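Here come two complexes built around chain A, the first alongside chain B, the second alongside chain C.
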Partner chain A sequence: MMRRILPAMVVAVAISAVSPFHGSAEENAEGGGGKALFQAKCSPCHTIGGGRLVGPDLKGVTTLRDRAWLERFISAPDKVLASGDPVAARLFQEFNKVPMPNLGLDQDQVDALLDYLAAGEETPPQGAKPAAAPAPKGDPSMGEKLFAGEFTFARGGTPCIACHHVAGIAPLGGGTLGPDLTTIATTFGDAALSSALATLPFPTMKPIFGDHPLTPKEQGDLRAFFRKATPRRPAVETTPIVLCAGAGLLALLLLTGALGRRRLGSVRKALVAEATKGGGEGRWVG
Partner chain B sequence: MKVRAQVSMVFNLDKCIGCHTCSIACKNIWSDRRGAEYMWWNNVETKPGTGYPTLWEDQEKYRGGWERTDKGLRLRLHSRGGGLAKIFYNPRLPTIDDYYEPWTYQYGDLLSSPAGDDQPVARPVSLVTGEPIDIEAGPNWDDDLGGSPVYGAHDPNLASVSEEERRQLFLLERMVLFYLPRICNHCANPGCVAACPAGAIYKRGEDGIVLVSQEKCRAWRMCVSGCPYKKVYYNWGSGKSEKCILCYPRQETGQAPACFHSCVGRIRYLGVLLYDAERIKRSASRPDDELVQAQREMILDPSDPEVVKKAEEEGIHEAVLAAARKSPVYRFVKEWRLALPLHPEFGTVPMLYYVPPLLPVAADCENGRYEVGGEFFGSPEQARLPLRYLASLFSAGNEEIIREVYRKLMAVRVHRRAATTGEVPEGELERLLAEAGVTTSDTEAIYHMSSLAGFDERHAVPPFMREMAMEMSVDPADRKGEGGTGFLRPPKRGW
Partner chain C sequence: MTDYLFFAVFPYVALAVAVGGGVYRYSRERFSFSSLSSQFLDNRVLFWGSVAWHYGIVLILLAHLVALLFPGFWGRLLGDPLRLAAIEATGLALGLFTLAGLVVLLLRRIASPKAWAVATVMDLLLLAALLLQVATGLYNALVYRWGSLWYLSLAVPWLHSLACLNPDIKYIVPLPLMIKVHLVNAFLLLLLFPVTRLVHIVSIPISYLWRPWQVAVWNKRPIGS
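Coming up: the complex of A and B.
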């Protein structure tokens, strides 16, 4: 077991370092409800004028779409997508089929966010990383162990495998509550992946990891693991399973057949066959 | 000495006419049910022949009974561990084809066929599948065909006779056969009981009848393999094994078992034998030559005061001892030493005994005179069936025992001939009696029991004393009030 509570506490201050956007968010936390909300809820996937992350750059979004649509979408993106809204559907296709999660925002929060977006304040672009806090270089094998729960998270978070699968992780695979994370590194891209790991902003994960965030080292390990997982393994390796099952079945059949050969067959039929072998004439006919 | 009472049997093969009335009586009472169609608790087979099921005597195939090893008696079927390993897979079972596929005929077709040029026929249909079948075998398929090249020629007992004897045996002019009726031997050392993993088979303490508990049977079918006589049958309908119950419900009401009662040739005798249970193992472990003698020694004299005392200590009722003293089986087996166990080498100490058949010797007809080679009545050596063949059946290969029986049977005949026609040459009877080691009063008694004895003399059914047997575990009065008879089974509900 890895017990790294103390170092983790020390490094905790540097959480922000993983995500450049997050870092600026803390600095400007008191700068207004909308801004704080954006930093907390949206910045893992969106920038304003900073380019695309997981989701689109939101610069000028308030002029691009009408406010009513934006309100509906931000408060319940899942419902809008499900309703067959053409814009939502197009965005979904465009952004690697990663749906925007329902963040459970109330009307006031939505209004505050929209006001903030309409104000047009830009967030720093992706590359503007504070040099003082580089992301720790992760160890993919350690990441795999953390993912599979072989090592526990320092702050008591639930192992990823409980809800997520990555191809080839374990004989029985991971859970199916969350999405398959095999290709998450390519889907999200580096920056978004980093910020997602740092904040775990998804509604289902919030209550689980809210009080048990990942340490920067753990984030780095997991990120390295996800990066490695992508090209290495196909989504589902069915061929070896089918081959093994087939070979096992064949072996069992052969074993059963071999055992069955020792079984007593029809004594009478063998007798009749032997006695009538020579053209139906028996041995002792005088 | 540990005295046990056994309802025991003698079949006098000299008198069996092969009519199968016994088989039919048994079938009509006990095995005329679904799943039991192929069973013949009583069957009559033709010897030489392969019997029912095919080659049942060949334990290389079926591995029934006991074998004598350095470590003592062992089941031939498997060891304890081996039995456990094979519990879901018993490889030593006869197939339905080795018994025979039971069939009936579509008699209805005879009446319901439309008018036509051809006579309607009743086609045979399988009682197992209900489909039309070609009948290929039956429980005594080779009836009266002792020389048949398929079944007659493959009798396992023929292995004991020489090639020349075998050739002679199947010459048309010398053709010979006899019948061998078989029921469960109710052995003193039953292989089926030893092989049963569920403990469902037991030998009743009071009368030695071997029964399969239909409640406890779990259909492992080890008993079918374990019995060297193949006299336990598996019922495919009920999923339980079944066997001859020696008609104990009839006996408990004082009647002879159905096959005994119905026997046309009056070949069957029933009575109590007392035996020493402590000697069972020793008796079954002796070398082949001594098996018959050892089994005779195991049987105790019911008139011996010491035996009577011990028997009473063991809780055998005076009335049962009285029945044992009247037992015709005791006289045949122990007193006259005429009746022999079938295949004693199987080690189960069978309690059904056979008087070997004294078949007519081969005779020539010369100058209009019928001659039976040399001696007046022929000699055992001239018997049509080689002594070795009968020894293989009834004395584990000990020819001397068969010769002794044959001498006695011949002495009885010559004595009767002297008494009725007086045609016997001077000194011949005395010579034969001396050779056989019997007196005229013995031969008279054997003649009486073989030919004249009435129903009650042949069947000394003991009082079954069910109340007394029951007393050991429950108060008979309680049992009478509470239990009724049979099993307590919940009724079948319609919902």
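Coming up: the complex of A and C.
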């Protein structure tokens, strides 16, 4: 059978190989210069001369650090940090252990960004815009409901609980695909938190929230909720879900056993008893 | 590039092989569309393996399918932490039940001389692929919670983009390796469909559910009675 199916598989592979699909739309749209790249990829977390946000102010970074190091770090910050690089490790500690995500930039994009940074043009932080006009105060209880998905985001974004935990969320806590956000208000600080909520620039979140950003009111409510939650002790508990699932498994096994004992019921049971009477060799099978 | 091959090309290859291979096999060897049951060779162990496996996997697959086809309904269903917790706990329990059944089936296939005698390389390959799928599913459900909810925002848009012949892998690229393995292996199972006993999925005797009782009568006196 395998031998006969194989030609069909080869044809299918060949058809797929010449398929007209190429890269995502986002990849194709990113051919802009360094400034456009900075705005799209870096500005949610960095400024040039506008002070620190989630990450450092990048003013003068090209004179502070070796270009080769910057190239390596911007291309793959996760790998540089994992390699034990002392500068990357120090930055990681200094910026509240928030690692810079791997943005998947190619060499041309990294070069364009470094040229732009070297040119010394200053940019105001994105978070400064809402700060200039006073940000909505926000309702922490509404923020909690938005976080937990009890109220949906107006523009259709995914509730935070899908991937994030905040201590005190009942009954089994929040998700663990993303980081625990219990102390995010103190870890990030106001400016960075506002900027992060406005742009949600993180690699896993960007595709989800790119077309479904949070409204200013939702950002305010969530900010208020995070501020309220920040004194709590972050503690993601895996035990309760494991215990629940274990109990469920036990119940399913008991149910299977109980129903299985009766599976040779009624008519068949009598037939089986008769057929096997006297130690006959043929035992009826199920 | 690797991501593009795995998540934008391979799914179509797998689907083409599944449909093309399935139709080809049906036209050439219609009676091979069967689970090739070995129930007659050994039933006691099979009961625990087969019942746990089939009830578990059907319900788990159904949840994946409902979320994919009715994302709005699924999102509203999980729009409450208590319901989310109940569904996640139920899903995890069913996942463990499924895994237990699969492990029993695998051990029985290896340990029972009769079952081993009729086993083929493809049977073992299929069991290994299924084991990988269930194990990674459980791992992801436990380590990257809450999968029932982020599945809606990451996997469903990607699957929809595949269905619209406009694959968009941006949702998948940043995900952890184990989630990617689960996704690729799902399409590998589709690829294995026409060349293994997995074909029995489309030969389910659904009429079992409503047909009247059938009484089997032994018309030969058992030896020794």
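The working rule: the second predicted complex is superposed on the first by the 190 of 286 C-alpha atoms of A that agree within 3 Å, B and C clash if a C-alpha of one lies under 4 Å from a C-alpha of the other, contacts with A are read in each partner's own complex, and residues count from 1 in each chain.
Criterion: contacts are C-beta pairs under 8 Å (C-beta built on N, C-alpha and C of every residue); 3 or more make two chains touch, one makes a residue touch a chain.
Note that the coordinates shown come from a computational prediction; the quantities given were computed from them, not determined experimentally.
Undergrad: According to the stated criteria, A:262 is in contact with first (chain B), second (chain C), both, or neither; which is it?
TA: Only chain B is touched by A:262; chain C is not.
Undergrad: With both complexes superposed on chain A, which partner does A:276 reach: first (chain B), second (chain C), both or neither?
TA: So A:276 meets both chain B and chain C here.
Undergrad: Touch check for A:109: first (chain B), second (chain C), both, or neither?
TA: Neither: A:109 stays clear of chain B and chain C.
Undergrad: Is chain A touched at more residues by chain B or by chain C?
TA: Of chain B and chain C, C contacts more residues of chain A.
Undergrad: Now for A:158: first (chain B), second (chain C), both, or neither, which partner does it touch?
TA: second
Undergrad: Where does A:62 make contact in the superposed view: on chain B (first), on chain C (second), on both, or on neither?
TA: So A:62 meets neither chain B nor chain C here.
Undergrad: For A:208, decide between first (touching chain B), second (touching chain C), both and neither.
TA: It touches chain C, and chain B stays clear.
Undergrad: Based on the A-chain superposition described above, do chain B and chain C contact any of the same residues on chain A, and if so which?
TA: Looking at chain A, the two contact sets intersect at 263, 267-268, 271, 275-276, 281-282, 284-286.
Undergrad: For chain A, which residues are in contact with chain B within the complex?
TA: Spelled out, the residues of chain A in touch with chain B are 259, 262-269, 271-272, 275-276, 281-286.
Undergrad: Report the residues of chain A in contact with chain C in the complex, numbered from low to high.
TA: 1-2, 4-5, 8-9, 11-13, 15-17, 19, 21, 23-26, 101, 104, 148-150, 152, 158-159, 161-163, 169-172, 174-177, 203-204, 206-208, 238, 241-242, 244-249, 251-253, 256, 260, 263, 267-268, 271, 275-282, 284-286
Undergrad: Once bound in the complex, which stretches of chain C touch chain A?
TA: Residues 4, 8-10, 12-13, 16-17, 20-21, 24-25, 28-29, 32, 39-40, 43, 47-48, 51-52, 55-56, 75, 78-82, 84-85, 88-90, 92-97, 100, 122, 142-147, 149-150, 152-154, 157, 166-171, 173-176, 191, 194-195, 213, 215-218, 222-225 of chain C touch chain A in their complex.
Undergrad: So in the complex, the part of chain B that touches chain A is made up of which residues?
TA: Listed in rising order, the residues of chain B that touch chain A are 50, 53-55, 58, 61-62, 89, 91-95, 97-98, 137, 147-154, 166-167, 169-172.
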